[in-house]
Structures are given as C-alpha cells and as structure tokens.
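Naming follows writing order (A, B and C), and every chain is counted from residue 1.
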Amino acid sequence: MNYDLDNLPKRTEKPRQYGFTMAMDKGLSLREVEDFIETSGPYTDIVKLGWATSFVTPNLKEKIKLYKEADIPVYFGGTLFEAFIVRNQFDEYRKTIDKYGIEYAEVSDGSIELDHDIKCDFISKLSEQVTVLSEVGSKDDQKIIPPYKWIALMQAELDAGSWKVIGEAREAGNVGLFRASGEVRSGLVEEILTKIPFEKIIWEAPQKAQQVWFIKLLGANVNLGNIAPNEVIALETIRLGLRGDTFGHFIGEEATRIGK
Amino acid sequence: MNYDLDNLPKRTEKPRQYGFTMAMDKGLSLREVEDFIETSGPYTDIVKLGWATSFVTPNLKEKIKLYKEADIPVYFGGTLFEAFIVRNQFDEYRKTIDKYGIEYAEVSDGSIELDHDIKCDFISKLSEQVTVLSEVGSKDDQKIIPPYKWIALMQAELDAGSWKVIGEAREAGNVGLFRASGEVRSGLVEEILTKIPFEKIIWEAPQKAQQVWFIKLLGANVNLGNIAPNEVIALETIRLGLRGDTFGHFIGEEATRIGK
Amino acid sequence: MNYDLDNLPKRTEKPRQYGFTMAMDKGLSLREVEDFIETSGPYTDIVKLGWATSFVTPNLKEKIKLYKEADIPVYFGGTLFEAFIVRNQFDEYRKTIDKYGIEYAEVSDGSIELDHDIKCDFISKLSEQVTVLSEVGSKDDQKIIPPYKWIALMQAELDAGSWKVIGEAREAGNVGLFRASGEVRSGLVEEILTKIPFEKIIWEAPQKAQQVWFIKLLGANVNLGNIAPNEVIALETIRLGLRGDTFGHFIGEEATRIGK
C-alpha cells in the first residue's frame, strides 16, 4: 500500500479462497486488459468474459494469454455454455475450452429452462475437465425462486462438483438476488447463509449499493462478482472502509465523531 | 468468429447497407480509437463525432485518419451543423467538412426550429458534396411530433437527397423515439415502418432495452445508432441472440427448454 | 480550436481562478492518464484522486508525475484526510502529502462529525503547507444543512485559509447540493450566492443535468467538480453552448429559429 493507515480490516491474500473479486470483461482491448491488470490486478481474483462476448471479440487468444501471465484465471460466461447446449454442441464447448487453455467453466441456466439433474450432470462432467462455477437464479425477472429452493439447488450443485456457486444478478444487478429496482432480496440472502458457507458463494453485485450491503453483512472478505473492471479499485476501498459508504463500519461510529 | 455455433441469425457484411451499427465517439483519445477499432472495428459501420465535441478535441485530424485507415466513415454530429447555421456560417461548415476530408454529413434540427423546406434545401446542397444523413425529431422532450408527420418529414428528406434518415434519441435515449423514461414509442415506430423502408432508417438506441426492442421487432440487421464504443461488442451479441435478452428469440423458445 | 465558430461565450484561460473544471480520477492507469491529458488536458484545471483510491492504486508516484508534467495539480480526496484523522494520524497525513509532492489538500467532513472549530484549525494548519480546498456538506443524505449554515460554514473556512470551498455531491451527485433524485437544491444555491463570491465555490456536479443547471445560472465560467474524466470534453461543449442542453442559452433563442 502507498502509505500507512492503522486499523484496517484484514484482507485475505492471493490466491484467495474467499474475499475475492470476480470482474467482468465484456470486450476490453488488449491494451485495456494491460491497463486493468496494472491498476487492479492485485485485487482481481478471476475474470469472466461476459456472457458470449468471447464469440465476437477479435483478440481472444492474446487476451487470455495476458490474463494468464498475470495469474488471473479467466472463464467464459455462463450464457456461452447455454448457447452451446441449446444447440446440442456440448462436446464442441468442451473442445473450445481446451482450445483456449481455459481452466474454469461456468454452468448456468439463466436464459434456459434446464432440468436440474441434467444441470448437475453437466457440472459433474465438466468438473473432471476444469474447475466449475455454477450459477443459480434466472435472468428472467418473472421467475422468482423461493429461498428453500435456492438452498437446495446450491447444495446439489456443490455436491455435483461445483467449486463455488454464483448468485445471479446479470450485468445490471436487477434480477435474481435483486429486485428490479436493484434492491437486495435480503431475506433470501440471509436464509441461504443459514445453510451454505459464505466462502462457497459468489454474489453478483454490480451496483455499488449492493456491494456495500454485502460488505456490511459479511465483512471485507465476501466474494463479489460481475464487477466492472473500472470499479475494482473502488470496490477495494469499500472493502477496507475507505469510502463514505462503509467508512464508519469497520473503525466504529464513535471514532468518526471528533470534538462532538 | 472464435468458435463454431450453429443456427445463428445471418448478419449482413461490410460495407453494409443495413444491419449496421453507428457508434458515437464523444472525445476518445487516439489510443482509445485504436483500441476501439481493434475490438469493434468489424462491427462498426460508421462513427459520429458526437454533437460538437469535434470543436474541442485536440486530436481531430489524427483521429479522422485512424478511422479512415480502418475503413470506417466518420461524420460530425448534427448539432455541429446547427451551430454553424444559426451563426449564418453554412459556407464555413462546408469548408470545414472538406478541410478534414469528411465524406458524410448530418443535417438535423434537434436544437433549433428550422423551416422544413430550408432543411431540405440544406440536405440537397450538401448531398452534392457528401453523403447525407438527416435526422428527424427534437431534443426537446416537450415537442411531440405525431407519427404521420414523422413519415412526411422522413420521406421529404429522403427525396431531397438523404442517404438514410435517423430517428432522434440523444446520447441518453430519452427523447424523440422514446419517452422520458427511455421506453420506446412503439406505435410511432410501427407506423413509420408502414411507409419508410426499414433499411433507410437508423434508429438511435443508446440503451440496451431499446436495442433489444428494435432487434426483436426488426431482426438482427436493423440499423442502430448512438451506440457507445464500449457497447458495440455487447450489441453484436444481442443481434446474434447470444445475450440473455434475445437468447430465445432466434433459436426458438422450445430449444431453450432442456429436459422440461 | 479546430475551426471557427462566431459568438461563443468567452472562456477564462489557464491557470484559471474561475471557470475551472475539477475532474475525479478514481483509479486510472498510467496510459489512461496520458490519454485523458491528451484529450482533456486543456480543459482540466485540477484532478482529485477520488476519496481514498490513492491508497490502493499501484501506480501512484508515476501517476502524480504525469499530471505534474502536464501542469495539472493533483490532490487526495477529502475522505482520505478523514481516514487519517479518525485514526489520529494527522501528522502521517501531512508527511504523505509531502512524500508525494502534493501541493493541494482537501479538508472535509463528509463521512465524519467534526467540530467546526477543529475543522477550521486543520484548514489553518494545512494552509501553511499547501493550498487548501475545503468541502461543506455531508455524504449522509439524512443530514440536511440549512442555507444560512452553509454560508456560515463556507465563510469561516475561507477565513481559516481555504482557497476554495467545495459543495458536496459525491461521485453520484445525490447528496448535499442535490436531492436523492439528483435534482439541484436551487434555493440553497441561490442563497449561498448572495453571500459567497461565485469564483470561490466549486460545485460538485457529476451529472449532466446538474452541470447544465449551474451553467445556465452562472455562465460558462462556473467552477464545477467531480467530473468524470471521459465527460470533460462533453462539459466543455456545454459551457460553450455547443450541446443541445445549452444550445440556445448563449446565442439567444431567437437565433435558433430559422424561417419560423
């Protein structure tokens, strides 16, 4: 760090099992990837190439190489997995992963309806090839999944071989864990946490208010995902209680009153 | 493309007469232009230097050169045309276009009240010099133009020499074609399309929901404009049915149900 | 400028005492800083390294050097000052400023409750070391300060040694000077201006509608702050009446009616 500040919350260190930040690259150029690594590499634990953007970005091989050289794992967004399987191209998906030297994969059903046993079967098969993240929750804001079912789905997916489970929110943060307004479905989150260990969950939380909410509930080392590359630095300050939103949370509110 | 996916909607190819994407550069640096071309050049058909930003950006000549080398035509935003004509400097405008080697021009009346015969006269004169795009719709959200009048204006401007007509939405997507909330004035769009061929219209649609709406209505190859440079990749995935929003639209909803 | 346009509002020139733009860097890479300077250097008078982002950005020394070479002063956001003083580390703060060759400092109490005499004492001490900007207004949207008190606070801080006083709005523009919706508290601003000279105040105005409001009230040369780096060019066009929002304001509405 650039100077000394006392009494900061202790952050986990790379390679992190929890306290990690998953950023979403939705089409950065090679130079932009270099810039992102320069500023935010120390605070970025894994990068998702958002949904199927990897299909159209011209610089894919070189981009993956840059992330690898910086020891930041990369994976294809879950929508790409779904795009392959609705076309009965699961084998091509597996080959594509190998072709690009990808070591993580996301199994999701945000844009499709997928029998859960079949989903777990995909997780199981892929977990023999790569480290699997699986996602629970629909991108369709009309499909509300009750808390007990979120828990059952998450547990089954972990049992099938998922390394972490992801709570769906999209790039915009307005479905799944969140209401259309972006507000957290807090009862849902709290009920999930009674059964699933917090370090096994990555909460997609693209909006600042959502990040703040999770950090206040679960501390500096909560796993957060779908962070825009140019917001990773800002998120790190929120984790450390160095932005207005969490300023008094870690140091204690009484410390923030001076002469009053 | 980086890998094979079956059953994608067929996209037109460059140089496109329709299915094209107009991006808005509102002050990119030279390196940012290079980065944009690297990632999004294949999907960008024309670039507008937003409103009068070209007046203040220090790198104008070099920027235009970069776009030209990438075979992406550039033009000055319509507000610049308006800035010249309210000052009685139309001749200087024509000279400025030539000085910078610009081959397209936009004629608009979004911030002014311009007699329509005079507007068509400007279109006619400029069309002898460059390829003209003309824009219909006011930037003033109080000025609601009824559908029959949109059609009459568009037709008169095409007759006067416009290559394409643009439906106004601003950078924010909250006027003209759209309500202040950003919602599409869908009856307006549908009525326009009964009279004006869809390939002659560029719909300004800076917001994702607006892009999705037009793609669902008119297919992968609708002309869309005012796209932020860092959203062109995302737009291309929406056109291809590879993002959640249009995922089931092209492949068919039944294909998205697996084991259900 | 790239071409001639008559009848533009006259802008002050660098080094500006008023009419200046304060931009907020919240974690740019070195190359992004170079790009920002290339496009927006002529229109950027001072840069704030947003809140405590300077604690975590790896490139701090080099970044400050780049800004210095471009003759753009840099300072640490007020939240960093607060982070030091709630830890009783004011001396370390002063040393950190010197270590990085920073010549400006912000004294604020947006995230803390700070007795105002103590605040003025900090201003007074720091003003012997550097040029001080001090900020009035809370980041807490529940803390509404009445107009007469804004005036008293601002005057006391100027008397204590502040070069300029800043009206708080946050990065988002939704507290302090603004309602949660982002709407300006216009009565507050007008009352402040009856007592404090407009060139002594920097209005944080990150949202376009807020910038437009201040420019319409106070002219092209109002001091505006918390401008995103990629919006400085856009702001300059608004100051010059070259964007739709202020198009008729400087040239006169009658000039915008042609043949009508």
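Keep this in mind: a residue touches a chain if its C-beta (ideal position, glycine included) is under 8 Å from a C-beta of that chain, and two chains touch if they have at least 3 such contacts.
Given the structure is predicted, the values throughout are model-derived calculations rather than measurements.
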item	value
Subunit B onto subunit C, rotation angle from CA fit, given as a multiple of 5 degrees	120
Interface composition of copies subunit A and subunit B: same or different, split at half	different
Distance from the mean Cα position of subunit B to that of subunit A, given in whole angstrom	34
Residues within subunit B bordering two or more other chains	31
Of subunit A, residues touching subunit C in the complex	1-7, 31, 34-36, 38-43, 230, 232-234, 236-237, 240, 242-244, 247-248, 251, 255-260
Residue numbers on subunit B that touch subunit C, as the complex places them	26-32, 50-60, 79-80, 82-87, 89, 92, 96, 99, 110-115, 117-118, 139, 170
